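A short worksheet on the structure shown next.
Labels run A, B, C and D following the written order; every chain starts at residue 1.
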Amino acid sequence: MAQKIKLGILGGGGDSLIGVLHRVASAMHDQYEIVGGVFNPVFEENIGFAEKLGIRTDRIYKDFDTFVEEETKRPEEERIQVVSVLTPNFLHFPMAKKLIENRFHVICEKPLTTTLDEAFVLESALEKSKTVFAVTYTYTGYPMVRQMREMIQSGVIGDIQKVDVQYYQGWINPVLQDKELRKTIWRLDPEKAGISCCVGDIGTHAFNMAEYLTGMEVETILADLNTRYDDNALDVDGTILIRFSKHVKGVIRSSQIATGEENGLAVKIYGTKGGFNWEQENPNVLYHLTDDKPVQVLKPGHAYNGAVSLDGTKLPPGHPEGIFDSMGNIYYGVAKAIRGLDYDTGEYPNINDGVRGMKFIEKCVESHKKGNVWLDL
Amino acid sequence: MAQKIKLGILGGGGDSLIGVLHRVASAMHDQYEIVGGVFNPVFEENIGFAEKLGIRTDRIYKDFDTFVEEETKRPEEERIQVVSVLTPNFLHFPMAKKLIENRFHVICEKPLTTTLDEAFVLESALEKSKTVFAVTYTYTGYPMVRQMREMIQSGVIGDIQKVDVQYYQGWINPVLQDKELRKTIWRLDPEKAGISCCVGDIGTHAFNMAEYLTGMEVETILADLNTRYDDNALDVDGTILIRFSKHVKGVIRSSQIATGEENGLAVKIYGTKGGFNWEQENPNVLYHLTDDKPVQVLKPGHAYNGAVSLDGTKLPPGHPEGIFDSMGNIYYGVAKAIRGLDYDTGEYPNINDGVRGMKFIEKCVESHKKGNVWLDL
Amino acid sequence: MAQKIKLGILGGGGDSLIGVLHRVASAMHDQYEIVGGVFNPVFEENIGFAEKLGIRTDRIYKDFDTFVEEETKRPEEERIQVVSVLTPNFLHFPMAKKLIENRFHVICEKPLTTTLDEAFVLESALEKSKTVFAVTYTYTGYPMVRQMREMIQSGVIGDIQKVDVQYYQGWINPVLQDKELRKTIWRLDPEKAGISCCVGDIGTHAFNMAEYLTGMEVETILADLNTRYDDNALDVDGTILIRFSKHVKGVIRSSQIATGEENGLAVKIYGTKGGFNWEQENPNVLYHLTDDKPVQVLKPGHAYNGAVSLDGTKLPPGHPEGIFDSMGNIYYGVAKAIRGLDYDTGEYPNINDGVRGMKFIEKCVESHKKGNVWLDL
Amino acid sequence: MAQKIKLGILGGGGDSLIGVLHRVASAMHDQYEIVGGVFNPVFEENIGFAEKLGIRTDRIYKDFDTFVEEETKRPEEERIQVVSVLTPNFLHFPMAKKLIENRFHVICEKPLTTTLDEAFVLESALEKSKTVFAVTYTYTGYPMVRQMREMIQSGVIGDIQKVDVQYYQGWINPVLQDKELRKTIWRLDPEKAGISCCVGDIGTHAFNMAEYLTGMEVETILADLNTRYDDNALDVDGTILIRFSKHVKGVIRSSQIATGEENGLAVKIYGTKGGFNWEQENPNVLYHLTDDKPVQVLKPGHAYNGAVSLDGTKLPPGHPEGIFDSMGNIYYGVAKAIRGLDYDTGEYPNINDGVRGMKFIEKCVESHKKGNVWLDL
C-alpha cells in the first residue's frame, strides 16, 4: 500500500485563490500530504498561514533558497517529493529550474515562464533530471474533456477538419474603461505581465486545449490583437487564425473585453465523421454531433465513457463535479507518474505543453506587430 | 382601410422550400395576395402549380418577359405591385433590373447578384426608380434580433468593442468526403455558384447581421478560406477578421464542414456597458450581459421590448414563433414601405445590405487569394 | 390535382389572437381558402374585417344562423366544406351541433363545450354524420411531439411506467393579487367561464398530451385544486394524481399562479426501456433517455424521424418552426381527412379527445369538492 | 488564530462514495483534520484504510464502543470534537445517541434514523447536550440554493403561493425489471431499508428543500406511492400533495423509475411577486422570474449575491463548483457552530431537519396505506 506523497507549496498564501485550488485538489484522491513550503514572503505570515492550515511549522521555510537547502539535506524518504509553484509568473522560471536541478518533481502554474527561452532551459533540464513536471492547464482535468480527447484520438469523429476554441471573459472591461484605473492593473503593465495580457493569460489555455484534444500540433498562426485604447500597451483581445496543415484550419478567439462573460472557454471540433461541442461553464455535458444521427449528450460517470474519464469521476452520474475536481484529477495523474504507475499522457499537461504555450504567446505578439502575418510555430 | 398588396412570384415552384417560406410569410400579416407569376420554366408545371396553390391562372405567365409585358399593360390599380424573385442566383440580376426599370417593387432572395458590379447597377437603378427593394436576409426578422438592434442603437451596451458572428453548418460534409460526389454539387461548381460557396452562402448572412445589429460598417477585412481538398475549387469554410475601426475588431466565422451543425448562426456583441448573446436555432431567447448584474433573458411579446420587436410578435409570451414568422415580419415591413406608412429601417434589409453583402464576398475571396491580406470594404 | 378546401370562420375577428393563428395555419400547406364566415357579432365590423383580410364579402353573413341557411342552399361544389369555430366557449356547443347536423366538417377550438353532457351530444351527432371533426389541442401539431408519440407507440421506451405533464403559467398572478381586479376577469367568473379556470383552460391540454402521447386512457384521478383566495370561486392551480392502471401512475400539474412562467407545457414520460423529456417553449428539441446510453437529442427534419413528424416539417434542420406551424400541421391533417386521404390518427385531435377533456375537467372539480377522492374517468 | 477541529469518521471505508465526499468536504475550508475513527468493521481493513489515507493509526479503533471509550478518556484538548456518521442507516441512531450523550458534536448522514421515535430521542438528547448536530442534506450547501433561500426570506418573491420540488432518478429501473434481481437489492428489502425506498431516500431530500427554502413548515400531506410490481414491497415512486396552509399548496415528486434520469432534483417556487427555478444537475444557475421583467440568471461569486452564498463560493464567477463544494460548505457551517462563531441557520441542516424528514417519510407511507388520505405533519 502506497504512502502519501510529500508535497511542498511555494506561494498561495493569504487569500490566494490559486492556493485553495491546489490544496483542495491535492487532497481529493488521498495521494498527497502537504508537509511544508513557503506560502508568503513575510516569514510571520508564512508561519501563521501554515498554522491556519494545520501544518506543522518545522518545514515552513523563510525563503525558497532555504527550502531547497534544508529539504535536500533530509534523507530521501523524508524529503518533500513534489513542489507546487504558485508564485507570481516571473518567479516560475528560477524556482522551477532550481527545483528540477535538485531533483524535485514540480507542479507549475501557467504560464510556465515569461519567455520562450526560459521554457527551453527548463525543457533541457528535465531531459537530464527525468523528474516529473506538470503545468496546470487546469481545464484538461475535466472528465468530459478527457472523454472528448479519447474519442477524437480513437477516430470517432474521423479526420479533424476544423477547430474553433474560444476563451471569452469580461472582467477587464470595467477596469479598462477608466484611464487612470487601467494604469494600476499589473496584468496591463508590460513590466510585470510580460509581452501579452489576453493571449498570455487565456489565449494560451485555448491553444493548449486545441492541441491537447486533437493530438496535433498547430503549424502556423496569424494573430490580430487589440489593445482597445492607444495608451494601453498590452492586448486585451485577440483572434488568431491557426493551421494544423494546408487544409486543416481553425481559429483561437480570446478576449477580456467580452463584457459580462465570466470564464467562457468553449470548444468546437469537427472531423470527417462527427464533431464535438463543449463549454467550461457547463463542464459535465459533452455534445457529440454527426451527419445523420441525433446529437448525443455524454455525461460523466457512465460506463460508456473511457477509462481516463471514469478515473476522474468520483461520484455516480448526476452529481456535478467542478473545477476543484478537475484540478484534483491533474494532481492524481501527477501522483501516478511520481509513483511510477501507468498513466495516460492526457492525465496531466507536461513540459511540452508549457513550451508550446510560450511559443504561441511569443509568435502571436510577433505576428501582430509585423502586421498580421503568418508565422511558423 | 387598406386593400391587399398584389404580389407576383418568380420561381419557387415544385418542391421549392424557399417558395413555401415566401408564400406563408406573405400571408402572415394579411397584407398580400398572390395574384400571379412564373413559378416554373415549364409552362404546364407552372399552371399546375398555380392551380395547386388555388391561384387563378390568368396571370400565370409563360416566362418572365411576358410577365413584365402583360402586367405593365394593365391599369395601375390592377397591376402586380411587388415581385418576389426566388429564381437561381444568376437570374436575380437581370430580373431585378428589369423589374425596377418597370417600376415594380422587388423582394429579392440573397445573394443579390453574382457580382458586385451588378449590385451597383441595381443600386443606381433604384436611385432613379425610388421603388421599394428588399433583400431577404431572413434572420433579421426575428423579434429578438430586432430587439437587440434597438437596444444596441439606443446605447444600452455602450460603445461596441467586440463583434463575433458565427454561421456554422455541416451539410456539405458528407458530400465533400466523396471525390465524385462533390463534383456534382452546383454550389461547389464555380460556373454555377460564382466565386464563393461558404462565404457567399452563409458568411454573408453573418456579415449582414454584424452590420445590421451594430449600425456600423466594417472598414477592412482579412480572410482565410478553406477548400478542404485541393481539387475543390470553392471555399467551404472561412474565418474573416474584421475591423470597424482601429480598436473595434471582430471576427466572422463561417463553415459548411462543421460536421453535425444544422444552421448555427450565432451572435456575440460586446460594448463598454454590456453584451448580447443570441442563437438562431433558439431564436426567442436573447441574453443581455453586464459587468455586475445577473444575466437578463429577454423573450418576445413582453412589454419591456421595443416597438419593432413587439410589432413582429403575433402571440403572447411563451408561444414560440419561428423562421416563417421571421420572414413574415420582413414582408410586413415591405408592405408598410409600399403603402407609404412609417416604418423603421430595421424592418427589412434593403439594397444597401445587398450591395454590402456582394462587396464582402468579393473582398474575402480577393484577400484570401492575395495571401490573407487586409482589404478595405 | 386537388382543389382548395373551402373554409368558413366563426369568430376570430378584430384583434383576436386565435383568429390570426387559425388563418395563418390554414394557409401553410396550400390546402384551404377562406371564403366566408361571421368574424364579428356587429355586421359592419364583420364586413370591415373581411375586407381587411381581402376576402370577398358576399359570403360574410350577419349571423351564424344565416351562415348555415345560406351556405346550405348553395350547390354542393360551391358550399363551404369546413368551419372553424373560434367563438367564446359557450357558443362552441350550439354552433358545432348545428354545423354537424348540416354536414359541415368542423374545426373547433378547445374546450369542446362547457359541459360533458354537451360533449356527448356532439359525439352522438358525429356518429350519424360521419363528418370530420377536430378539436384544436394545438400542441399536438409539433413535429417532435408527433415523433415522441410515434416512438412511444412503436415501443422504443418499452412499457410506460410513469407520466408527468406540467402546464405552468403565471399570467393570472398580477390580476389575482388585486381583490377588485380579479372580479373583473371573465375567466374567474363561473357565469362566463364554467366550473373551472385553470384545469379547464390548461390542465386539459396537459391531460390531452398524456393520453395523446401514450395511447393509453387515464383510468382514475384525484385532484387538489386551489383558488388561492377565499373569495375567488374558480381554481387557478391544480395538481391531479392520475393512474392509467394499478401500477402505472402519473401526475398532471397545472397552474396559472406560477409567477413569471410563460407557457410552460412540459412532458416527462418514462418506460421500462427509456424516457422522453420535451418542453413547449423549446419545441424543436426532444430528449430521449435510456438506462445506459448518452442522451439523444432529436430535432425536426432529420431522416431519423418518422413520417408524421417529417410531414409536419417544412424546412431543413436548423430552421426553427413554431406554434403557427404546429397549428398548420393540424389543419393539414384535417385536410387529408376531408379529402379522404390516408392519415395517421395522430395528425389531428378528434371528438374523442374533446370528450375526454370535458370528462377530465368535470371529474377534477368533483374530486376536489368531495375532499380529494379518487374518481373513475 | 483557530486550530483545526479534530474530526473522527465512522464508516466510509473501502470504496465508499460517501466517504470520499465527506473527507474532501472536510478539507475544503481548512477547518478540520481527520484524526481517527472506525472506517470498516474488519479491523485490518480499517487500519489499512487509515494508512491509505495517511492517517496515524493510533486513533483508529476496532469498533465504535472502543472509539467512544478511548476518546472520552483523553484530555479535552486532544479529544476528537466532532464525528461524521457514515454507517448503514440502522446504525445512525445508536451511534448518534451515544455520541451525543458523550458530548461529541455529530455530522450524521441522512436519513437521520429508521423511525420517527428514534429521531425524537435524539432531539431530546440534544436539548440536554447543547452540542452541534448536523444532518447532511447535501444539496442545501450549493451557493445558489443558499442565495434562493436568502432572497425568498427577504421577500423578493413576495408571499409563497406554490411550491413544486422534483427528485427524479432512473437508477432502479434496470434492476426493477428483473424479478430475481430486484429481490437482491437492499434498498428494496424492508428488513434492511425500512418502510420506504423512494420517499425515504430521495423524496425526503425534496421535502427538506421545500421547507429549507421557504422557511415554512408543511402542514399536511397526501401521498400516492407506487411499488410498480405487486411482489415488490417498497415504493419506487411517489407523488405527494402538500399544503403549507389552506391556500398555499404544492407537490413533491419523487421517482426512481424515471428511466434515464440521473439525479434530477429540481425546484420551482412561486410567490406573489416572482418565482425561482433551480436544478441540481446545473447547480450554478438560478433563474429568477417576475411578472414583467426579463428572467434574471444569477450565478455564484457575484457581488449581487448575499453573504451566505458568497461565503460558500471559493473562486470567481465562471469557475464551476460542484457537489463536493456543496458538502464542503455544510462542513464549513458546522465548523463555525463548533467554534462558537456567528453563522446563519441556513449554513447546515440540523436535528429539526432530520426529525421533519423522518416524520415526512412515516406520514407518506401511512397516507398511502390508508388510501391516499390527508395527514397532518
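To be clear about the criterion, contacts are C-beta pairs under 8 Å (C-beta built on N, C-alpha and C of every residue); 3 or more make two chains touch, one makes a residue touch a chain.
Everything numeric here is computed off the predicted structure, so don't read it as measured data.
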Chain whose mean Cα position lies farthest from subunit A: C
Higher-contact pair (C-beta pairs counted), A-C versus A-D: A-D
Between subunit D and subunit A, distance of the C-alpha-averaged centres to the nearest whole Å: 35
For subunit C paired with subunit D, centre-to-centre distance based on mean C-alpha positions, whole Å: 43
Approximate Å spacing (C-alpha centroids) for the pair subunit A, subunit C: 55
Overlap residues in subunit C, where contacts from two or more other chains coincide: 261, 292, 295, 299
Subunit B-facing residues of subunit C, complex: 1-4, 17, 20-21, 23-24, 27-28, 30, 33, 48, 51-54, 169, 171, 261-264, 280-284, 299, 314-325
Residue numbers on subunit C that touch subunit D, as the complex places them: 157, 161-162, 164, 168, 170, 173-174, 177, 222, 224, 226-230, 237, 239, 241, 247, 249-251, 253, 255, 257-261, 268, 270-275, 289-292, 295, 372, 374
Residues on subunit B engaged by subunit D in the complex (per definition of touch): 287-288, 292-299, 302-304
